[in-house]
């Protein structure tokens, strides 16, 4: 399964290792795919997050960690304009995708969300649709109806999400009929089907069992060869396992950000150390 | 303790008696309507038009075929008007939860729902009958749509709100525009709730006579052309039932009972069907 | 943002295919506009209804003045052409408040029985029956009232009372009125029958909304079932029950057809208990189709406007009580 995917990508394995082990040196080479500059999200007069400036490099995994209510989710949702739905939230500062602010007047949030996908805490299959229709929803529901194209996309996305073999014989069954872990991988496949450049994941494994969690972590490793991933997690081991960069949030502030190795072995800030060693949160 | 327990038992018996006393007369009503109605129903009832009272008095075949057809036309007109507007308004409440008009919309919708149906008839009279210069099926449909509207809007709102907000966000995160998410992902998931709302609105409006008296007015005959149902005065079951019941002819009284059972069956069917749809939903989940 | 290929080596199937314009800007704009227009149309409708009734009634309201129109005790469309709404306001208030008085406690009893005593299957039957009864059209109740209830009431209730009074208290006869069967008393009884399902359903909702721990606390004290209901359930549900009763009153005020068929339709005060009377909706039903004088039509519209105001006050009061007493009573939790 995995070998299959490796073949389909033309990224040599060495590169992957380089990214993994030698991120510091790569920094100059790798460009920032996404970046926030002084990003503030306010709910009325209450701050969700304050003045966050954080770069996200191309084809890396960045983990956002911090105790509950520290603003991670608020921050993540600002990255693909999910706050647009609620009038309450006010966004200040900039979110740059390829150096263009996604909150600019001339930017269409729909276009932005096609480039910046999102996977949620709980699986969110569309209840009345089949597995197939769920995967291609992001295409079909914007008017792309070419049958063979949809079939191709569906298969590729399901393979990427390591779900294809399990469901290939029942693509027409309702999506709500498969298990929770499968539904979450389906949600990921659905997000991948529109071929996003950045994928935001909000605690994607929090409602899953260890087996399903492992599969999703493997998936993240494979996916980062092609796309930039930003993931929120409460699980320190998970952050250490899957991410190249880590950012620590605490009550709406970004306390520290850097290489995952550095953050976990040699954090600069006392709060970061306390959190990572489990003294609070 | 024993006295308290006897007291408790006494209250329970009292409650049982009260329950029976309340439900009994209402069951008697249904019983009477069925007995009187069934004996008054005949083949001609569904095939002949009413005509003048002399027809019934002379024992010639009369019926309410024009009334039944008129009822169907007027109720359908009402649905055609009320369904899109009601669903739209319900969507505004559920899909744009912090739109600045929503608090006003909620109050106005409840106000409209609480208004006596007869006032909706007067309103439709001024709105449609006066400018057109004639009573019409169209005016009746508009009046009934005012009865349905607030019910549909409310039902739509609560049906759509049962669908988790994350479903909408998941759709948006795929780069699907909001309208398409609502129509293709949210609405289908809420379809049983929507159907229940429509059926209950229909059941409520189909039994209303008051708004029809000054709008579709009534007519003893079938129209010459089909559009006579829309642009001319039209007979409807509730309004005809009223006219028959207060008429001085005993032949018409028994026809009134027949109309009553047809109307009752129609309304109860819609009602039972609404329950049935809701039950199906529970099983699906 | 034309950097679709910036991702580099990733093989794409879509090749940056984009949704068409309908899916980008236009669709959402149209959708929002349509939905907001439809929503706003309900607001316009409610306001429009108030305005239309006022505007159409303004000829009469200007002729008499709002207060004098309400206080006017004479309604004579035939000879004097004088229009005062008081008889109908009086008839409406008396019939609907008496109906609520009759209906309230039995309805509450059914609600308590169904919510607290009856086993689930029986409770289900009662609830469905109650809702089914609420769905019976007003005209169907009306025809039953005309041909079954009114004659029965006349023969078995009104006549004996009338004859007894005639023998023992002849002075009370004018208050009692002529027992023809169609009149204030019959209309009130039918109204009570018609609002029982509403009062029951709303009271049951309120009782069901009482939090579980309220009951359990009372059970723990060794209370009997009735004591639990009286001490723990009813005090917490009182907001909802009161609001439900007021909403039922609103129903009774607006109830038209059955009342128009049974009240006997008499436009002149004084009304008597058994004798004929009229309500605001019933006079509109009876006279609107035949009204030719513009002042007469306008007066009927003005009665509609007064009815609108009364219904509005009743509904707002119910909403207010529901909100206020609910929070105070802890129903919100």
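By letter and in written order, the chains are A, B and C; residue numbering begins at 1 in each of them.
One rule holds in what follows: a contact is a pair of C-beta atoms (placed from the backbone, for glycine too) under 8 Å apart; a residue touches a chain by one contact, two chains touch by 3 or more.
Worth saying up front: this structure is predicted, and the values here are computed from it rather than measured.
Remark: the per-chain Cα centre closest to the mean position of all protein Cα atoms belongs to B. The greatest centre-to-centre gap from subunit C, using C-alpha centroids, is found for A.
Here the chain pair with the top count of touching C-beta pairs is B-C. Averaged Cα coordinates give subunit A a centre that lies 54 Å from the centre of subunit C. The geometric centre of subunit B is 16 Å away from that of subunit C, both derived from CA atoms.
If you average the CA atoms of subunit A and of subunit B, the two centres end up 50 Å from each other.
Within subunit A, the positions touching two or more other chains are listed as 110-111, 114-115, 142, 194. Among all residues of subunit C, those that touch two or more other chains are 19, 23-24, 28. In subunit B, 175-177, 180 are the positions where the chain touches two or more neighbouring chains simultaneously. For subunit B in complex with subunit A, the touching residues are 97-98, 163-164, 166-177, 180-181, 184-185, 188-189, 191.
Subunit A makes touch with subunit B in their complex at residues 80, 82, 85-88, 110-115, 117-120, 122, 124, 126-129, 137-138, 141-142, 187, 190-191, 194, 200.
If you check the complex, the residues on subunit C that touch subunit B are 19, 23-24, 27-28, 30-32, 34-43, 45-49, 52-53, 56, 105-107, 109-110, 112-114, 117, 126, 128-133, 135-144, 146-148, 193, 196-197, 200, 224-227, 247, 250, 253-257, 260-261, 281, 284-285, 288-289, 301, 304, 307-308, 311-312, 314-315, 319.
Within the complex formed with subunit C, the subunit A residues making contact are 8-11, 33, 58-59, 97-98, 100, 107-108, 110-111, 114-115, 139, 142-144, 149, 152-153, 156, 194-195, 197, 225-227. Residues of subunit C that touch subunit A in their complex: 1, 3, 6-14, 17-20, 22-25, 28.
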